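Multiple structures are listed underneath, in structure tokens.
Next, two complexes with chain A in common: one pairs it with chain B, the other with chain C.
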Partner chain A sequence: MVSIEELRACAAKLLDEGKVKAVIGYRRGSAGLLAEPCVIDQPADTESLIWDPGCVHNLALYLVKDKKAQAASKTPDKRPLAVVAKGCDSRAVAVLLQENFFKREDVVVIGVSCEGTGVVDARKLAAKLKGRTASQVEFDGADGFKVTIGNTESRVPASEILADRCLECRAPSPVLNDVLFGTAVEQRELAMPFTAVKAAEAASEEERWASWEHHFDRCLRCFACRSVCPMCYCPECVVDSTSFVITAETSAEDKANRVRWCERSAGSGESALYHLTRAMHLAGRCVDCGECERVCPVNIPLRLLNTKLEMEAFEMFEYQAGRDVSQASLLSSFRDEDPNSFVR
Partner chain B sequence: MEKILCKESFAGWLAALKGYDLYAPAFADAVWNHARIEAGTTPELDHTNTVRSVKEFAFPQREVFFRFEQTKGGAPTLTATVPDPAPTVIFGVRPCDGRAMPRNDKVFAAEFKDPYYWARRDKLTLVGLACAEPHSPNCFCQALGGAPDAEEGLDILMTDLGDRYHVKGVTGRGIEIMVRGSDAFDEARAADKKQVQERHAAARAVGQRGVNDLGKIAEAIRQRFDDALWQDMARTCIGCGICTFLCPTCHCFDINDEVICQSPCSGERVRTWDNCQFADFTMHTSGHNPRHDLGARLRQRISHKFLYFVDNHGTQQCTGCGRCISECPVGIDIVRVLDTVSQP
Partner chain C sequence: MLNPAKTMTPVQDDFEPKIVAFLCKWCSSAGSDLAGVSRLQYPPNAVPIQVMCSGSVSPLYIMSAFKKGADGVLVSGCHPGDCHYMKGNYFARRRLFLVQKLLNFVGLEKDRFRMSWVSAAEGAKFAEVVGDFVRDIKALGPQRRLKVRR
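Let's turn to the complex of A and B:
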């Protein structure tokens, strides 16, 4: 079991000794069951850090945000940041390192092992509780969760309310870490990689396209999936309505000639362009933290798009994004033995 | 007008509404949203609240203003596209969404009567359903002057009495559709009315989240415009559009020309939802962005609802539906924001 006291002490020590400017972790939220991300810069505030199955967020996102903020700042604070990272989150840090987004010495990874379980899917839990609202979910130390509703506590097998990404996770312990809390777990019973995407692939091409058209048509284009993704760090996205990389030197003509690839209208065609472009840009980079799917307010099964491409990366190139930080990234490396049957 | 509608007679009422487009909440893709229903069916009305609010029936995410066309050498022609929808009835509107509509009406009529909005709005009949209990832990309608049985903005208020509904016509438009289906209704007796009062009182007595000193919040926001607290509260904001797109009162929009064909030139001028949380919302052509960070954007969202709208229209632009809290990917909580701002 992860000792939260030890984790807090570790975070406080890092801040106390001035090794990091802040610790990005989880604390109890006020909006419901799930934890909320927090940025802690005072050692005393580390007391609010928590670790439970509601710690769903991929905090590597905030490393990206900080890097961008410092790059834009006139008085940048380039001291390292510490981040609490689950297995999937640490893979995101590894991909960012592979891509030279920041340097290894810029980040202290406080690893937490999900051990036998993982994080909760709030929608599954709500369905299971038939409308009753749980106030807290905790690890029970084995393969279950302790769910508190009002004053009563009940035990639920984790497999019933775990997020799909956790059911399919192959590396529940952070492969990249500076310190690790909890027991490192190599393999576990729940590891069923690519289950959802394989099931979805059983449908015919026509059925799949009809299904995706249905989903893209429902898309609100709130861009939460892009905003929450640590890998979506481009300064300007193909679907943005305006250019964010304007400088004082950008001519009026350049601005006027900017190509608008995607209209603002949230029709299925425009939204398909957005989601498929995003999926392609994540090929070989998606660590399956599942955040895009979790945050979608209308429940579009976005993980399927990304895990499909990760399955191809794995089956063709034996590549797992973020698994090995010393490896060159998939799209920037070539091996003689790489398959090339698709070259015609 | 107060009537009783046995649940078996619901289909009979709908059958009498020929010529109307009918909508009711439906649970699909694991979320509640409005869906077309056919006359002769019986809506269950056992929903929590829809993810998307009713605002889109008057203010859709995409509205075509006009079509344009120009052949080479010819004069441009413009074709008006003011909508002419069938009269539309929406069942199961929660009172928080009902109260949102008069607020939207103010915006689209205060200085300029928006023909597109009103072409739809004038055809809309909102049939409300009183909440028996808060459908989310983040409900706070009573803190904003609403109630689980508030009639403001609704044309009809229905109250579930088990095997039957109490149906109260609030406006002429509401009474009109009750009269059309008068065969389906029975008279409401004194005992029914007493039961309705008891149900409403019981629902009001259930605890909700509260807002301290609502009357002082506008001034507090004004005083703390430059306070560091905005930055602090937005530290984990990811800048997506969930809070505003799902909000029943957020109404900001963008206008673009969408070219369908280059030669001969043709296309549409469209209005789409826009969002103060997006960086491009306030970006100038120079590249300067006056609301350059997420703190400034959070401040704008709160200020618009609890300061500027109060100044301009004499009421808050928030009805306490709680969507922005429940659906925020990182737990940013408008009730907590208000408490923080109003603390001395």
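Let's turn to the complex of A and C:
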């Protein structure tokens, strides 16, 4: 079990000693059972830190945002940041370190182990509760959650409301950490990895396209998946160019000749291009934190696209994102025995 | 809403596929040149686009081609070990393997995307690759899945 008092004490100590400028963690949110991310810079405020199955967010995102803010600032605060990281979040930090986005000494990883379970899927929980609203979810042993509804508490088996990504998780405790709370768990057997992708693959080409066309058609292009992803840190996105500034002097010819990979209209073809490009950009980088799927307002199963490539990378190239900070990235390395039979 | 992809008949007799071929400057472009110079007969459906290396073909080029209505995309480069830039085609092989898997995963027909190694001396092989590709795509009919409908 993760001892929240120890975690708070650790965060307070880091702030007290001035080792970090702030601790990024979770606190009780105003939106029901889900925690909310918080940035704490006073030791006294660490009392509000929590750790429960509602801590769904990937906090590595805020390390990226801090780095970007530093780059934009004239007087950047270069002291390190501490971050509370689950298994998947620590993998995200590892990938960012591998890509030299920031340096190892710029971040203090306070690892929390998910042990036997993980975080809840609010949609699964809502379906299970049939209209009632849970106010809090707590860990209860290695395979269950304690769900509080009003004044009553009930125990729900973890496998019923656990997020899909947690069911398929291969490394529930943070591999990269400076301090670890809870017991490190190597393997667990809730579900086999890549279950969802393999199920999707079993359908025929026509069925797959029918379902993806339906999904791409519904995409609003709100770019929530991009905003929430710690790996989508490009200053300018290829599908959403912001550097082409149209002024009164911009000629019609300039406008017509500008390179537009993706139009703004939200048709299924344009959305398909966006999602496929995003999946390719995350190949070998996606740590399967599942945030893109969680924040999607129209429930597009975005995780499938990313885990499909994750599965291919694992099966064909024995590559796992975030396993090792010093490994060469998937697409900047090759081996002579890479698959060649698909080439004529 | 009626889906035009489902209501139209997929195969028309006079269907001539449009194929976008990304050919590396050092091998496959020269290979296609040789096919022409040798007066080999092969279908005229492939539009060649010369790129400096197969490793420079971004997945975005391929998806963009499909989005704009290409019926097939061919990427062709030097044989492994022959790359002018030493290892560009190895990077391409790994990256385009993933592209091919991803496109097929969302339901694009497997035969629509093809990769080949054609050296500067293999004019006949280039003609054969394009011939096979055109034949396979004619069997599939026009590509309407990733094409933008206006």
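Here, the second predicted complex is superposed on the first by the 317 of 344 C-alpha atoms of A that agree within 3 Å, B and C clash if a C-alpha of one lies under 4 Å from a C-alpha of the other, contacts with A are read in each partner's own complex, and residues count from 1 in each chain.
Assume a contact is a pair of C-beta atoms (placed from the backbone, for glycine too) under 8 Å apart; a residue touches a chain by one contact, two chains touch by 3 or more.
All of these numbers come straight from a predicted model, not from anything done at the bench.
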Superposition on chain A - do chain B and chain C clash or fit: fit
Touching partner for A:F317 - first (chain B), second (chain C), both, neither: second
Partner chain(s) touched by A:G267 [first = chain B, second = chain C, both, neither]: both
Which of chain B and chain C A:L220 touches, first, second, both or neither: first
For chain A as apex, the angle formed with chain B and chain C - C-alpha centres, to the nearest 10 degrees: 90
Shortest CA-CA distance in Å separating chain B from chain C in the superposed model: 7
Intersection of the chain A residues that touch chain B with those that touch chain C: 263, 267
Chain B - residues contacting chain A, complex: 29-31, 33, 48, 51-52, 61-62, 137-138, 235-236, 238-242, 245-246, 254, 256, 258, 270, 272-275, 278-280, 283, 285-287, 325-333, 335-336
Contacting residues of chain A [partner chain B, same complex]: 29-32, 34-39, 57, 61-62, 123, 127, 131, 133, 215, 218, 220-224, 226-228, 240-242, 244, 246-248, 250, 255, 263-267, 291, 294-295, 297-300
Chain C-facing residues of chain A, complex: 200-201, 205-213, 238, 261, 263, 267-270, 272-273, 276-277, 279-280, 283, 304-305, 308-309, 312-313, 316-317, 330-334, 336, 338-340, 342-344
Touching residues on chain C, where the partner in the complex is chain A: 3, 59-60, 63-64, 67, 80, 87, 90-91, 93-95, 97-110, 114-117, 129, 132, 145-149
